[in-house]
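These notes open a run of structures that come right after.
Shared between the two complexes below is chain A, which pairs with chain B and chain C, respectively.
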Partner chain A sequence: MKNGANRWLLAVLAVLILIVVIGAIVLGAPDRRPDPVFGDKADSLAEVPQAASRARSPSWYEAPRENAWTMQLGDPSGSRFSPLSDISAANVNSLEVAFTFDTHNERGHEAAPLVVGDTMFVTTPYPNDVYALDLTTPRPTVKWHYQPVPLHASQGVACCDVVNRGAAYEGGRLFFNTLDGQTIALDTASGGELWRTKLAEINKGETITMAPLVAEGRVLVGTSGGEFGVRGSLTALDAGSGAVVWKAYSTGPDTDVLIGPEFEPFYAQDKGEDLGVHTWNPEGWKIGGGNPWGWISYDPELHMIYYGTGNPGPWNPNQRPGDNKWTAGLFARDVRTGQARWFYQSSPHDLFDYDDVNESILVDMPFHGEMRKVLVRPARTGFFLVIDRETGQVLSADPYAHVNSARRVDLVTGRPEVNPEKMPKPGRVTRNICPAAPGGKDWNPSTFSPRTGLVYIPHLNLCMDEGEVEANYIAGTPFLGADARMFAGPGGHRGVFTAWDPVARRPVWRIREDLPLWSGALATGGDVVFYGTLDGWFKAVDARSGKLLWRHRLSSGIIGMPMTYRGPDGRQYVAIFAGVGGWSGAIVSGALDPADPTSALGFVNAMGDLIHRTEPGGKLYVFALPA
Partner chain B sequence: MDGRGSVAVKALVLAAAILLGGCGERAFTVCADPNNMPFSNQRGEGLENKLAELVARDLDAELRYVWWSQRRGWMRETLGAGKCDAWMGVPSGLETLSTTRPYYRSGYVFVSRRDSPLAGLTLDDPRLRDVDIGVQLAGDDGANPPPAAALTRRGLTARTRGFTLYGDNREADPAADVIRAVERGEVDVAMAWGPLAGWHASRSRVPLRLEAVTPWMDEDRWPMVFDISVGVAKDNQELRREIDDSLARNRSAVARIVQAFHVPLPPGG
Partner chain C sequence: MSSRSRLSILPLTLVLVGCDREARDYRSLALQSHEPANAFGGNAYHLAQGQRLYGWMNCAGCHAHGGGGMGPPLRDDEWRYGGNMEQMVATILDGRPNGMPAFRDRITEDQAWQLATYVRSLSARTRQDMLAGRADEPANVEPPVLDERKPVRRVTPKQDDATEE
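Presenting the complex of A and B:
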């Protein structure tokens, strides 16, 4: 009797186990389609503009050569647009993987590869290795592999994963930065080091993560490290020798900031002597942050570069009364001398961690009946800014994301009208501040298509509660921290892909995404726009309607920037890195504890499900139409 | 290698480590800052070094160090990543760790030169308006040590000088920059974490005066005083209990270590 009962019991157990196992396989299958409520369709909001009322590429704009992609933003205007049209809205649904390349690196992969003719150049997060791949062989082979061997300790001072936003190519040379603050030039034929220049000292908390820009023989490099009191600076190095040509600080006296007779800011609050000193508590500017760790655009006709500065760490806002210039704002400088021409501060006396380092896309567009040379930028503040790039005048400022931290931007004064209800106060919890600290959009760049006149913005819908006080400890010192908790904004989706018309000042279509969007975007001549999600979906959507045309699940979440090129075999390829990490992906790459919602500066609260939806691991995917 | 494969490798490595490590002493691995006296340094001269030695001896374990400069993410990257068993000094009750009962209590102190007329300062002292005050900055998105916030609440920003806790790590004990600023006369008074001030003052060539920052609970909610415990990973209750017992058994020896480092007692002792 006992034996029979045991056998029956075992049989039931076996069936139960089988059910559980099959269930796990089915439910755990990596190709399980995501929640169909978000990400599958675009909300149509307005008409694509007619040609006459469209923003267009600047008059001097030259499309990149078809077999080349030499800088992270595609071209100096920052458009991330390629005219290649072999891959089009009609055929992109046949796109398939042509080859992949594994970096064996599990940190966040933000950079795009570069292509120059037969060679592809890949850079990695720390330890910042560089690979040159021969594209003429069916499976690309490594031509050379350069290892800069940055200091191990630099990882300990990187605030937001040990990322690197990529290299720039010019004249047979590849330029890139290492986490421990070296700018390195390599000979692209051999991989040999031409020069290296140290611009940051990790022992003082200085690191470099940004992608350099090359313009008029200068390699432009900006620092990171605001929370360590690093006083931000942008340096121009001679592309041939690596010698410093000029260096502009983001705070301090005019002589340090390279503000001189050429400086003609548009707004009254930016006029005056040594404002980089006087808009602070005394000597506060010396550890005032303002690190330019993001994007630089370049106008060769005006000889001007445009780049933004980070927030004013490490002071508490109440300790640093004043506008805290020149942090959280956009500089226009003469690239030859570094002399400032104008400045616009999107977040004076910043309260919300709204760094102003996002991309500026240079376009020409009609404004009140006449053509203006402008730059357009989806700022961290949640406002889409259209700024005259000759004078620094803000022509329009409209929310592209949900914003309540400011009521509007006053176009007469240029100042945002900060909402007093959303100002964080020590000891008080301020709820539902929108956008949250990463902003309406963080560093990941949008793209502009001159064919539609639209800016395609991969961005966020996050709000935050701030101010829950908690004991904290660092460098042997106890203190009280004000914690932040982020969560989805109105609608419940955490990411948005918006097609924005800068002339009509409104969205044309919008795709709501479940997860925050942390990848860059790419627009092509085939009227296809590409972007990727944090759980690994690489998507192609119709540039006019936002209709989802194709997608492919990659092995890890996507925080990279897509690029495209014509290969040696004549086919058009699209490349994107998988490899989750960065600030929003820290919960996966940094193995954060989902039980601590305030870690990663509050991001973990909003991202608890990500660890179940992707794994770290850097892998480049390159797609093409079937041969 | 996919997730499953790497888990298998890790399991094998762990098994090997257990087998090999099992022969002989257990290890007590402590994370410590290599350059932050009086707490710790690589020569083992710090308070936490001495405490680690005591506990290791008491547990009959071999003391090992993982040197780690405490910067953003230190909890996750050390205890969270299983790199070490304990940090020997953390505030009691720190949420993301498990902490022992406190083995000392101290408070923030005013630090001034003894030859200056700044005795008897409190947070509300009118003299604070007319002096240059040095404060420590943690850079945690503007969250800073309580004395700095206390000054701001009183509108005292015009003469506040900030010193980040990180300074230049090529120099010895960068967190003590604010104390050195008092010695050199760059500021008139500093407000610094007690143990840091106590030890550096005891060695300073310039005679310094240390007085507890009061009110020690500003506005009845902002403490200037903290209890310090040993911290372990949140789920490592067994080790926490062991260390608790060890600290209790060796209560007087622990007290002597704390005293030897001139840790200022908080107001009321």
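Presenting the complex of A and C:
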């Protein structure tokens, strides 16, 4: 008996010790794995394509003149490529600051400066000041300073920080937009105002943040306000007078959308009368969003412009049954008349704020043994789309980011196959939706190098939880109906810089970045690709391997777009804004509270550490090789 | 002075006396005499109504659930236009120049006080027995709890060995 009791005691003791030991290992022991370090090395995934199987610039493509950078995307094809090659992979590591220019503005600086000959034009976020800098003096001096003085109240209806994406130059005139919805033309010699045209009404939540594009004597401007139920529109203004030439809405009857006999969409679901009315709940189109606040590309041979429309309003999809045309899709229009030629909806009945406003880069490339005129775009949905730019047919759609909200894009119907598990339900929270509301990539433009045939994409790796509530339309207040909370996607990194081969439909290399990438990219003839991070690192990587060649810490986080030019002294310069902000950086520029996970529409939940890693402040940095 | 002119003075005098009557503001009298901040602030019903209005009036679209976004945070100790109840009510009803819209035509004054009561509960210590059992929004945030008004966050970047300019 006694022996038996002892044995029992021993067994119980052994089990207890085992539990304690396992518990200590699982709970108590510190995790000794080092924190992953992101951003300093590229994962090589495939070979750079051979010359014969590369995407190339369209036949009509003209590179930017060496001493000029006249539009935000560099040229009408939207490639953000410069053939300048003085700064190359071999010498970029000796790049140093040539000069800086402080804008005394602490909001998000998303623009790139422009350069024309001896002058640099710098635009700022709200209050949208413009500076002309004389580049011929040793330290650039201000030639003129123009203050448009937008309405103060416009700050209250700017969805994600009071940003501005810069100006466009043509024929001695500078065109830009103000937050309160005015397009302004300045005489670049004097800084005098030539005309201003009001295109938005802030009391309805309308603002303008995009950079205009000038094509065939027209200045093209799109509205913002997808978070306010603003009915989006694109307007063509006469570059000489500022008069409205045509205006195309993104929702409503065909006459408002400029859909006529020339409209030949590729897919069946886009054919029919007044679909901009019938694919909505009654009257829903009047407050339905579809704001073209992103990029416009222009094909001078086809006389076509390509631009995307933003998310439908409200975010809560249960309040707007139907495909919600013509939101969250891509329009091709005749720039002369504004008449639509085709439309492709990347996110029909959009569920997750997947605006389709990202850049379309126009290239020619081999497809099944035949050269096709296409446009390529890393869409918010997380799919890299290759679309025939004459017909609107989707040739390929492959995920370049982590996607679980859709399974694939059906190339027969053109529609994404939505994952039913991620469908938002009223009053419920849907967990782990990838990509999150800012998409696989947001507004910040990629770059295409005809030397490698690769598209370099600064993008995101974010997922989100989203709860749906009934939204109430009150003019001038947000029209959302969704509570989001974002976090890092698989791998724990929040940003990715991907070199993508559009012909082989695969990534060639990839750099995992700790923070979301919110800056644009620039590729050069020296086979160097530039981009910046939210904690202020300006980086140069090898266009072929992704190897980090050089980096420099700026005074604030980078959400601007790099550009390059040859200065009056004959040297090549590279310019970039520091100035954290935008949707991702609003936690710093707007001093938001990280304790509330839904701040900044849920982006703050993923950005709590940024407040210790950078500080606000707008400053232009211009780099050059040592003289 | 003739009796006739005396007669004509009489109505004039009556009118002038009428002018001197005390001014009465009937609509706001009841509130002001009862220290509205306390009347609304100490009341669970008003707090719950304020939370409901916060959702209905799309406050969360700009200010999130106190952390801010397009609009400033409502949990910290920085109040651009004043953080006491009267100032908050004025902000809600009449708007402010940097983008806060006016809600005077959308809600009553009492509802504005209820809203201010809820907004105040985001940053100031609120009595436990007043708080709603749960938040109105889908469970993405913690329900309102005992919470101190937070100090204004000052950005203090970490020192880095980077090549700083």
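In this section, the second predicted complex is superposed on the first by the 575 of 627 C-alpha atoms of A that agree within 3 Å, B and C clash if a C-alpha of one lies under 4 Å from a C-alpha of the other, contacts with A are read in each partner's own complex, and residues count from 1 in each chain.
Everything below uses one rule, namely that a contact is a pair of C-beta atoms (placed from the backbone, for glycine too) under 8 Å apart; a residue touches a chain by one contact, two chains touch by 3 or more.
Every value quoted in this text rests on a predicted model; they were computed, and no experiment measured them.
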- [ ] Based on the superposed arrangement, let me know which partner A:W69 touches: chain B (first), chain C (second), both, or neither?
- [x] neither
Open item on the list: According to the stated criteria, A:T100 is in contact with first (chain B), second (chain C), both, or neither; which is it?
Closed with: second
Open item on the list: I'd like to know which partner A:K204 touches here: chain B for first, chain C for second, both or neither.
Closed with: first
- [ ] State whether A:F384 touches chain B only (first), chain C only (second), both chains, or neither.
- [x] neither
Open item on the list: If we overlay the two complexes on their shared chain A, which of chain B and chain C does A:G156 touch? Say first, second, both or neither.
Closed with: both
TODO: For A:I287, decide between first (touching chain B), second (touching chain C), both and neither.
DONE: first
- [ ] Would you sort A:E615 into first (chain B), second (chain C), both or neither based on which partner it touches?
- [x] both
Open item on the list: Looking at A:Y400, would you say it contacts chain B, chain C, both, or neither? Reply first, second, both or neither.
Closed with: neither
Open item on the list: Contacts for A:V429 in the overlay, against chain B (first) and chain C (second): which applies, first, second, both or neither?
Closed with: second
- [ ] Return the residues of chain A at which the contacts from chain B and from chain C coincide.
- [x] 153, 156-157, 159, 227, 427, 471-472, 474, 476-480, 484, 590-593, 596, 599, 601, 615
Open item on the list: Could you list, by residue number, the parts of chain B that touch chain A in their complex?
Closed with: 3, 33, 36, 39, 68-74, 76-77, 80-81, 89-91, 93-96, 136-146, 148-149, 151-153, 157-162, 164-170, 175, 193, 195-196, 221-223, 226, 228, 234
Task: chain B partner contacts - residues on chain A that touch it in the complex - done: 153, 156-157, 159, 201-205, 226-229, 281-284, 287, 313-321, 353, 426-427, 437, 470-482, 484, 590-593, 596, 599, 601, 615
Open item on the list: Under the definition above, what is the set of chain A residues touching chain C in their complex?
Closed with: 97, 100, 152-160, 227, 427-429, 465, 467-469, 471-472, 474, 476-480, 483-485, 537, 552-555, 586, 588, 590-602, 604, 611-616, 621
Task: Partner chain A, residues of chain C touching it in the complex - done: 55-58, 60-62, 64-73, 75-76, 78, 97-101, 106, 137-141, 150, 152-153, 155-158, 160, 162-165
